[in-house]
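I've put the structures underneath this note.
Same chain, two partners: chain A is paired with chain B first, then with chain C.
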Partner chain A sequence: MGVFDYVLAGILAVFQGPLLFEGLGFGIPAAPLMLFFGFFVGIAVGATPGLAGPMAMAISLPILISIFGVRPEALLPVFGFLIGVMKGATIGGAVPAILFNISGTPDAMMTALDGYPLARKGQARRALRIAHVSSASGDTLSDIVLFVCAPFLAVLVERFLDLPEKTALIILSLAFVAAIMGDSVGKGLISVALGLLAAFVASGEDFYPRLTFGLDALSGGFPLTAVVLGVLIVGEIFASIEHMWWNGPEPPAKVEDTSKRGGLRPGDVRRIAPYAFRSAVLGTTIGALPGVGSTLAATLGYAFGHQRYKMRKAPGDPQFGDGAPEGIAATEAANSAVSGANLIPVLSLGIPGNAAAVFIVLAADSIGGFNPGPSVFKFTSPEVNPELVVAFGIFTLMALGNLLNWTAGWYVMRAMGIMSRVNRHVLMPIVLLVTLTAIYVQETNLGALWIIVGFGVLGYVFRKVGIAVLPFVIAYILAGALERAARQAFSASGADPFFLFSSPVSIVLIVAAVAVVTLLSREAKLSVGHRHASTVDQR
Partner chain B sequence: MLKMAVRCAVLVAAVSTGPVVAAADPGNWTPPGPIKLIIGFPAGGGVDTQARLIAQAMEDRYGWTVLPQQVPGNGGNNAALAVAKEPADGTALAIIVTETLGYNAIVAENPKLALENFTPLATTARFQMGLVARAGGEFDSWGKVKAASKAGKPIRLGVATPRIADVTYHLGLESGVDFNIVNFKGGAGVMNGINAGDLDLGWVAGVQSKYVKSGEMVNVLSGIPTPLVDSPDAPTLGKVGSKFYIDGYFVFVGPAGMDKKARAALAEAIAAIAMDPETKAGAMLARAFGGASAIRGDALEQYLAKDRSAAKKLLQAVSR
Partner chain C sequence: MRMIVFARLKSNPPTPSVRIAEPFGQVPEPHPRRLERRGQRMSRRSGARTEKENRDLPRLTPDRVIGLLAIVLGIVAILWWVPADAGSPLIERVRGRLRIGDAMAPTVALAILVLGGVVLLLETRLAKHSIRLSPRSLIFLVHCLIVIAVAFALMRWIGPIAVAGWAAATDSTATYRDLRDTVPWKYLGFLVGGTFLVATPIVLCERRFSLRAVLIGLFSAAAMMAVYDLPFDDLLLPPNGDV
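Up next, the complex of A and B:
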């Protein structure tokens, strides 16, 4: 099979995969339909303050698995839904920011800076439309880069990286994640270390489980989903409950202009195009780095846009922050461009860089038959490599999602303004109930509930002391790969304890890891922000 | 609803076709409830795939409800320990490998893994364990491997379990070939390691079949006492100096003291499905493991006892 045959097989796998139902003599394939549902849900949760894409992905994953089962055919429908949520949430976040000046996420705060003033001027529709067009173009660019780069990077990694270099690469990724997220590098490292420690319980290569204190209940280790959902979702719910306990429920959102006037004006597209394009390139580049989320992309996109605008703005144009369409475009294109590019490290290296990617890995791990990483991109012939077909299926779903973004996105986005009025004190108990139920459905074991609550408390404590939770989760997921790679490199080198310094490439990677941790300045980190510590709103 | 309809259809078919079905019907036994099938290895691998196909065939053929459940880890030990705690009425069984109750049980030093704590039911297939290398490379025959070792070239050899590592270490001692033995996750992991160039050689039990048939890979040695189906010319371990083999089977077991009728029915059902090339499970076993091999009853008990004593001897040989 050639490259073209694999691409075709991937497309066919999406459209000829398992049928969801049959109607009027036609079979409805599950994957595209699930993508559509996911997209709809994604915009809805993006538009709901206090909810975000990763939260919806977390809750829906166990439910999806119980619907589709753990068969290889389940992969594409489940990925379809998750990709839909990821894409939908990215554009949905602009809705409350523009209409009500509610920024559930830091990136949306940047959108609100210009979106809300524009809406107050009676141009809410125009502001939304600009956000939509910029967001969709950022998404398109980033998808294209993903399709081209992921296979290329994977092949490169397989060809040039030996076992010690692979170990060093994982160490570098963890160092990067620890250094870039949260208040301080030290806290990031604590988060990573605790994530590794939790993952080392009952794993390893021996026939007896380690670090279990002889407890039978721990002999299988902590279930991956329970840990991830506990720290990310339940911890966030606990923190929200505490916030509401002290501050009382938030008042309903004040509805700003919802007039039907407006829409794109002549010349708008030409006006915002350079800003959207520059931000899209920026967002894509940032998205490809593990651990750096859409927030930094939005912040930098806005800052660069602002600089350019200062030099080129016409005399009568509004200032940035005063309702400049360019401000909305610069922010939205940047944060949307992150989502596609974020999958580059997952698909090519098996390293999840943000919360959305964590759930893609989690889905692959729970279902089986697809192990994100360099081994996916092997163009075997005549034997078909089923993982590669799935990878091209994912690309097809991404492209379809992008198409939805351009077409249905606008209408769904406009309709979802209503979600902004749902209050947190109503939402959080529902999310908690659904999360606990979903975990019980997947694990069929009450012990899993204790584990998720335990890790929820840990996530809450992390938030209280300002430790970022995502480094914990990413370290938990990568711990197995790290230990395996290190053990393998050690054995393959004939038990050389200095295997990490055995080749120039691995020395460079290790030096880079040390440099990232030591040199990353505190100021730079503050711009990424401490809100990573308090939320999973990394869209 | 659909499942119920299928079950009714199976029932109707069973009644209407009388004697034909009775021959395949395992002793008219009906499980007292849904059967829990504990799978001792991760989702997506060879053990998982055959277990789920066999479970599906049990539902289709006999109308039983089979609920597969993953309890992976520690070379099948977790699954074995889990099934030992279940009721012995035929509603719980586990699929593991014979190595789990042999070598792995001894190394784990866990008395709960003693053979008498289990009821062996039936095997499904024998490992077609081969030492695999890329065709046309530096290591695609035992002669080349020995020559490379003599020339002082480090040889990376991938293994999926500690027992295989010990047999390989023993082989190195006996044949004078120095191996850097590297542990990978499952046979598929070893194959990936060879494909990625991280490994020179690796022990693989079946996954290599399609690559060997397409000429991409070769079996350098046979790890079992008999020649491999795909590569009858590859010398066996015994011929190159080893006193031990990497023999083994995928095996279904239940808790100790299983009800006799249940044991016979389940063993019969597993064997019938595995040996029938018309079933998906049978086809998969033929494709990936060179055909099904169903040992039951006393023969299986004797095999497991022999396997355990061989494991003891192996551990003594490598700890000298």
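Up next, the complex of A and C:
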């Protein structure tokens, strides 16, 4: 099969895959419909302060697996829903920021800087429309870069990297994630170390399950879903409830302007286009790096937009921070461009770069039949590589999601202002119950619930002491691959203890890992406190 | 994020209390404000704390405690825990060939933990502030865990206790295990425990008992039953997989 045949097979796998239901002689394929459902849910959770895309992914994954089962045909419908949530949540986050000045995430805070003042001037609908157009533009560019770069990068990796280089690449990724996430490199390293340690419990090659203190309860290790949901979701629930626990529930949001009139004005698109494009390029570049989330993209997008605006602002135009449409465009295009590009490391290298990518890996791991990484992009012929068909199916779903973003996104987004009125102190306990139930139906064991609560406590403590949680999760996911690659590389090199320095490429990768940790730790970053580290970059 | 750091530094510049030495011999005493500005510039460039900041920051900040804990626990685990709790050493010989043993990966992870502690201690030397921990966080966490433990206990025991009571009243020999796939027994524990798990935090946040909170809990638990139990025969709600 050639490249074109694989692309076609991927498209057909989406539209001719398992049917969700049949009626009037027509079958409704599950994958596109699940994408639409996911997109709708994504906008709703994005528009709900306190909720975010990964939380919806976490809750829905066990339900999706229950519906579609653990067979290869389930992959695309499940991925469809998750991709829909991911895309929907990126545009949904702008709704409470613009209408109510409520910023659940730091990047939404940047949107609120100009969106809310514009809404207060009676132009809420225009602000939302600018956010939507910019967000969809960023998403489009990001998807195109993903389609081109992921296969190319994977082929390069597969062709030029051997076992020592692959080991070094994983080490570099972990070093990068530890150094770049949160406010302290030291804390990032501690987070990575603990993630690796948790993954190594009972996972060795010997008969005796290591690091279990001889306890039978630990002999199976920690379930992946319980660890990921515990640290990412339950920890976040604890942290969210705490403030309201001591200070009482937050007052309901008051909308400043609910005008239904207005929208884009003539010349608005031309006005915001350069800002949206520059931010989209910036967001895509940042998104392709593992561990660098939409917060940094939004912040830099806004800052660069501000610089340009100062030079080109016409007299009478509002300042940045005073309701400038360019400010909304610069932020929204940047943070939306991160979502597609974040899938580049996960699809091409098997390295999840953000929380949404973690759930894509989790879904693939739970269902089986698809192992994200460079081996996916093997263009075999005449035998069909089913993983490659799934990969092109994912690209098709991304493109369909983008189409939904441009078309239905605006109408769904506009209707979701109501979600901002949901009380967080009511929502969070419900999310806790849903998460615990979802884990139980998978593991059917109350012990698993205590494991998820235990990791939830760990996630909460991490947030309190300013340790970023995502390096822990990414290290937990990559630990098995790292150990396997190192063991094989050591054996293949004839027990050479310096196998990581056996080729120029692996030396460069290891030196880069050391350089990342060394250079970034020289910055005294602790002073910004733990606010940023405690907020999982969930969009 | 680094831009936010710079913004903060600019808005709260450190105030130097030391005299800045002139590099080339004696020069007239500069104006104090000029000295202050120069000190601010140098302090910003080097990232080092001033004496005043050193005085303000206690010696044992939470960040330093975390760094020290990581170093001590990491070394103790490398020396005692891993060798005692792994099936094979760092390197082992199997059929004449050397291979990596089970102790290697945890040892490397713990070495990274120690490295993280060292880097954190070095970072705290340059940091202007440290995180602040409040005992309220611990109190909150204990309360949360008590609520969860009670909810789990209700889920686990309400069904069996109800069946035991019903069996005693009707002279039946049935146990919960016999009835765990029948309505209403299979839902009792989840409904009561789930309602408690949702309603209690709402009540505690609102600081008043309300029927609304109970109804929200009841509805949430019922919705979970509808999602998982009604359409799927093979899925079990808590605690039916354990008893």
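Everything below uses one rule, namely that the second predicted complex is superposed on the first by the 526 of 539 C-alpha atoms of A that agree within 3 Å, B and C clash if a C-alpha of one lies under 4 Å from a C-alpha of the other, contacts with A are read in each partner's own complex, and residues count from 1 in each chain.
Basically, a contact is a pair of C-beta atoms (placed from the backbone, for glycine too) under 8 Å apart; a residue touches a chain by one contact, two chains touch by 3 or more.
Not measured: the values here are computed from a predicted model.
Considered on the superposed chain A, chain B and chain C are sterically compatible, since they fit side by side. Of the two partner chains, chain B is the only one that A:163 touches; chain C does not reach it.
Comparing chain B with chain C, the partner in contact with more residues of chain A is C. By the touch criterion stated above, A:374 is placed in contact with chain B alone, chain C being left untouched. By the touch criterion defined above, A:263 lies against neither chain B nor chain C after alignment on the C-alpha atoms of chain A. In the superposed pair of complexes, A:465 makes contact with chain C only, with no contact to chain B. Rounded to the nearest 10, the superposed model shows the Cα centres of chain B and chain C diverging by 90 degrees about the centre of chain A.
Of the two partner chains placed by the overlay, chain B and chain C both lie in contact with A:207.
Shared-chain residue A:491: touches chain B and chain C both. With both structures placed on the common chain, the touch criterion links A:219 to chain B but leaves chain C unconnected. Within the superposed three-chain model, A:426 lies in touch with chain C and out of touch with chain B [touch as defined at top].
Distance between chain B and chain C in the overlay is 5 Å (nearest C-alpha pair, rounded to whole angstrom).
On chain A, the surface patch touched by chain B in one complex and by chain C in the other comprises residues 205-209, 487, 491. By the touch criterion given at the top, residues 1-5, 8-9, 47, 62-63, 66-67, 70, 74, 81-82, 85-88, 91, 97-106, 108-110, 112-113, 115-124, 126-131, 133, 136-137, 140-141, 143-145, 148, 152, 155-156, 190, 194, 197-202, 204-207, 216-217, 220-221, 224, 227-228, 231-232, 235-242 of chain C touch chain A in their complex.
Contact residues on chain A toward chain C in their complex (touch as defined above): 63, 66-67, 178, 183-194, 196-197, 200, 204-214, 238, 241-242, 244-246, 248-249, 295-296, 299-300, 303, 425-426, 428-430, 432-434, 436-437, 440-441, 443-446, 449-450, 453, 457, 460, 464-467, 479, 482-483, 486-487, 490-491, 495, 517, 521-530, 532.
Against chain A, the residues of chain B that register as touching in their complex are 42-45, 48, 52, 70-71, 73-75, 77-78, 81, 104, 107-110, 154, 156, 162, 180-185, 192-193, 195-199, 210-211, 214. Within the complex, the chain A residues that touch chain B are 70-72, 158-159, 162-163, 202-203, 205-209, 219-221, 366-370, 374-375, 378, 382-383, 484, 487-488, 491-494.
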